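This report refers to the structure that appears directly beneath it.
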Amino acid sequence: MSSDTTSLRESVRAANVALAQQGLAPFTWGNASAADRDAGIFAIKPSGIPYEDLRTDDIVTVDIETGETLEGVRSASVDTPTHQRIYKDFPQVGGVAHTHSHYATVWAQACRAIPCLGTTHADTFAGPVPVTRFLTPTEVDTDYEGETGRVITTHFQAEGIDPIHVPGVLVAGHAPFTWGATVEEAVKHAGILEEVARMALHTFMLNPAAESLPAHFSDKHFSRKHGAGAYYGQR
Amino acid sequence: MSSDTTSLRESVRAANVALAQQGLAPFTWGNASAADRDAGIFAIKPSGIPYEDLRTDDIVTVDIETGETLEGVRSASVDTPTHQRIYKDFPQVGGVAHTHSHYATVWAQACRAIPCLGTTHADTFAGPVPVTRFLTPTEVDTDYEGETGRVITTHFQAEGIDPIHVPGVLVAGHAPFTWGATVEEAVKHAGILEEVARMALHTFMLNPAAESLPAHFSDKHFSRKHGAGAYYGQR
Amino acid sequence: MSSDTTSLRESVRAANVALAQQGLAPFTWGNASAADRDAGIFAIKPSGIPYEDLRTDDIVTVDIETGETLEGVRSASVDTPTHQRIYKDFPQVGGVAHTHSHYATVWAQACRAIPCLGTTHADTFAGPVPVTRFLTPTEVDTDYEGETGRVITTHFQAEGIDPIHVPGVLVAGHAPFTWGATVEEAVKHAGILEEVARMALHTFMLNPAAESLPAHFSDKHFSRKHGAGAYYGQR
Amino acid sequence: MSSDTTSLRESVRAANVALAQQGLAPFTWGNASAADRDAGIFAIKPSGIPYEDLRTDDIVTVDIETGETLEGVRSASVDTPTHQRIYKDFPQVGGVAHTHSHYATVWAQACRAIPCLGTTHADTFAGPVPVTRFLTPTEVDTDYEGETGRVITTHFQAEGIDPIHVPGVLVAGHAPFTWGATVEEAVKHAGILEEVARMALHTFMLNPAAESLPAHFSDKHFSRKHGAGAYYGQR
């Protein structure tokens, strides 16, 4: 199978390097993965390897259904079960990124969802970026990383949020996860989430009573870029 | 007409690259344009093209009066009708820049005008940088980008603000627009607005009751650099 | 003895350069040292030399027990007695770093311990990063730098904090010290402390009532990386 | 006289470039000068020239007593009379720097002196960095830049502050000036003031009731580096 997954693994290597280069994953705090839905697998960063040392061969492939490692001499990221759960429960997702980017992590630590305060947010996230509940002691003790994924996907399901319309989340007390149709999109969403989180913090410092953008405004901006009526960019 | 507009389009390409290089337009969030008043046209960035990929031939030219695309195989920026409105209503303006620069956007999201708190502000903006009202649902639905321009120019007209004395504005819930005699000046004003916005936020954090600079002070600083009695720089 | 200490002194030179390159020690505000426990010595930066000019031969070696300079034509850092005290009282420590990194210093100036607000903190510091009391006038007048070390180590002893579980401290009104098994680890902890301090400041700005991470959560994250049950990284 | 002043003018060129490179003078907002006390002159940046274009020949020399331009085809900085007043009234000063560096300017805009909150401050400034009063309309109208210098030096004289112990000031509503025995020291103090101002702002955000460092502590730190008992650095 090795020859088949080279380009998948290479895209994951490049995406992890991009996370580091954009300052979204200081130290080794972050990882990105990409799925091959036809093959039923995803490829993910190995655990604790500095981004600048990553080679394509270091990338590990994993079975989406079972979570078992298929290829790779390295140990997969400890966060692999979280990625796996997102791929299982969000079938439209082709790439996932996890970072400890500064401002998004601050919102996760403050246990607050990021409201949509302007068009910068609305262009990418069609509504607030939600924050999960804390994991229970039992969840932490039994299958910590898998339960982290479950607390994400059940939140979206319970609240009726479309993960393609809101391609990211804050895990309470921890940090953000983002996703997209591809791993490149997941990384881009990680960068936009960081800027949106930073803007929202500073907006509240200037105006603690700042209100969400009126819906007619935010819907317009999201639909300029997404869906059948989109007219942003070249066609 | 193609040969006539090469230098105009090249100045617009360079100005858009400058916005990106100065960190004022993360991702593809920004665009700059320049007018040729004799020809009755302006040149503007195409929509959604990364700044580093822009070639002079990608720049689109547009009729100031009708808004119609004259030259260009690319689609013009979705914000073109906003630029057009500014050129129509502010005849002294030769260049326009739109960004989502961090701190200026924060003030736009907080729906607050930026008061003149010091000489750094007064050197460029002869008074507060105003914030518009929100667009109505009808304005958003019918001609969103054109109405964005209209809400800007009608604000200046209603308040009696000279757009040459205050070469920028915050669109509520959205982001800043700046302008100048040339597109280079519009880009420079975008950079100064960002620093002025950042200084004002931090000043209010330190002193929530900070007051505007006394008029005798701010008038002096603006007139050191502008108008008949200016004595800053080389003559 | 000179030939024996070359690699020790070289590791200290490189660690000091790393502090500067990571922006943790603006101007010459910082110093790092490494111990050779078998030889009973440590090597430390000379006082007031710009990091970019440091040569291995400039690094000074000092007797852990007596504090006397053993090798070196340069004067040792004025903070040498603080390092000495940490080596004497914390026998597991092999490297020490002192910086005036921005956000950690802000917490020291505010005289507040940094609570564990998220997993980014818990991954490295198994509890709050403590702040010492102020030194008394007598302590300042008699043996300022030695007493700075004593106020650190007595705080850990009095509070029963294991210096390997919490590898850093804030000296009230002054700045942070960090340490580790090696000088490379001490420098890494200085960088992580800075990011953790910055995250905690911004978290309190967003949520002044932010609470410490539940213990079941923070214990899990520390133990993923440290101790017998660790499973982070490659094995 | 031209050959005599080449090294003086070159030091001023380099100092102005250093202000820009350290990010202390965005756009052309800043200028540095150096005095030759034996010749009774100082050399200063020309007005409005971008730092990267400065050549040694562009630097203007001025008579300390009369303020008249001696050499130079360029117009001297509009702030020249402020520098002149500082040289006249502070005879120990050999170099002056003026910037609009972000955080120092924020304190000037907030009209607050920067208290000594930690040893980082005390190492360079033996007490608070003072803020002047606002200039009166008459002062602004008659000799604005000269009066700016006068409001600085009369503040130090009235408050009995030694300008060598506190080598900088904030002009209310405007920005900082720093100085030193040489222009290199004036530039260094501009950089340290910026960091000290940034630390103090963040300290107050974390602890609005933060108090000044006890005198026994701040005196110790200043005297480690300055005066007869200094023991910091190489001797």
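Going by the order they are written in, the chains are A, B, C and D; count residues from 1 in each one.
As a convention for this text, a contact is a pair of C-beta atoms (placed from the backbone, for glycine too) under 8 Å apart; a residue touches a chain by one contact, two chains touch by 3 or more.
Everything numeric in this text was worked out from a predicted model, so none of it was measured.
A.B. asks: Treat each pair of touching chains as one step and give the shortest count from subunit A to subunit D.
C.D. replies: Tracing touching chains, the least step count from subunit A to subunit D comes to 2.
A.B. asks: Do the two copies subunit A and subunit B share over half of their interface residue numbers, or under half; same or different?
C.D. replies: different
A.B. asks: Please name the chain that ends up farthest from subunit C once chain centres are defined by their CA atoms averaged.
C.D. replies: When every chain centre is compared against subunit C, the largest gap points to B.
A.B. asks: Give me the rotation angle that lays the C-alpha atoms of subunit A onto its copy subunit C, rounded to the nearest 5 degrees.
C.D. replies: 90
A.B. asks: Where the CA atoms of subunit B average out and where those of subunit D average out, how many Å apart are those spots?
C.D. replies: One centre to the other, that is 34 Å.
A.B. asks: Measure off the straight-line distance from the CA centroid of subunit B to the CA centroid of subunit C, and report it in whole Å.
C.D. replies: One centre to the other, that is 47 Å.
A.B. asks: Give me the residues of subunit C that touch two or more other chains.
C.D. replies: In subunit C, 205 touch at least two other chains.
A.B. asks: Looking at the whole structure, which two-chain pairs count as touching?
C.D. replies: A-B, A-C, B-D, C-D
A.B. asks: Report the residues of subunit D in contact with subunit B in the complex, numbered from low to high.
C.D. replies: Residues 26-27, 29, 46-49, 74-75, 78, 100, 102-103, 105-112, 134-135, 137, 140-141, 144, 173-175, 201, 204-205.
A.B. asks: What residues of subunit C sit close enough to touch subunit A in their complex?
C.D. replies: Touch list, subunit C to subunit A: 117-120, 123, 188, 191-192, 195, 198-200, 202-203, 205-207, 210, 213-214, 216-217, 220, 224, 231-235.
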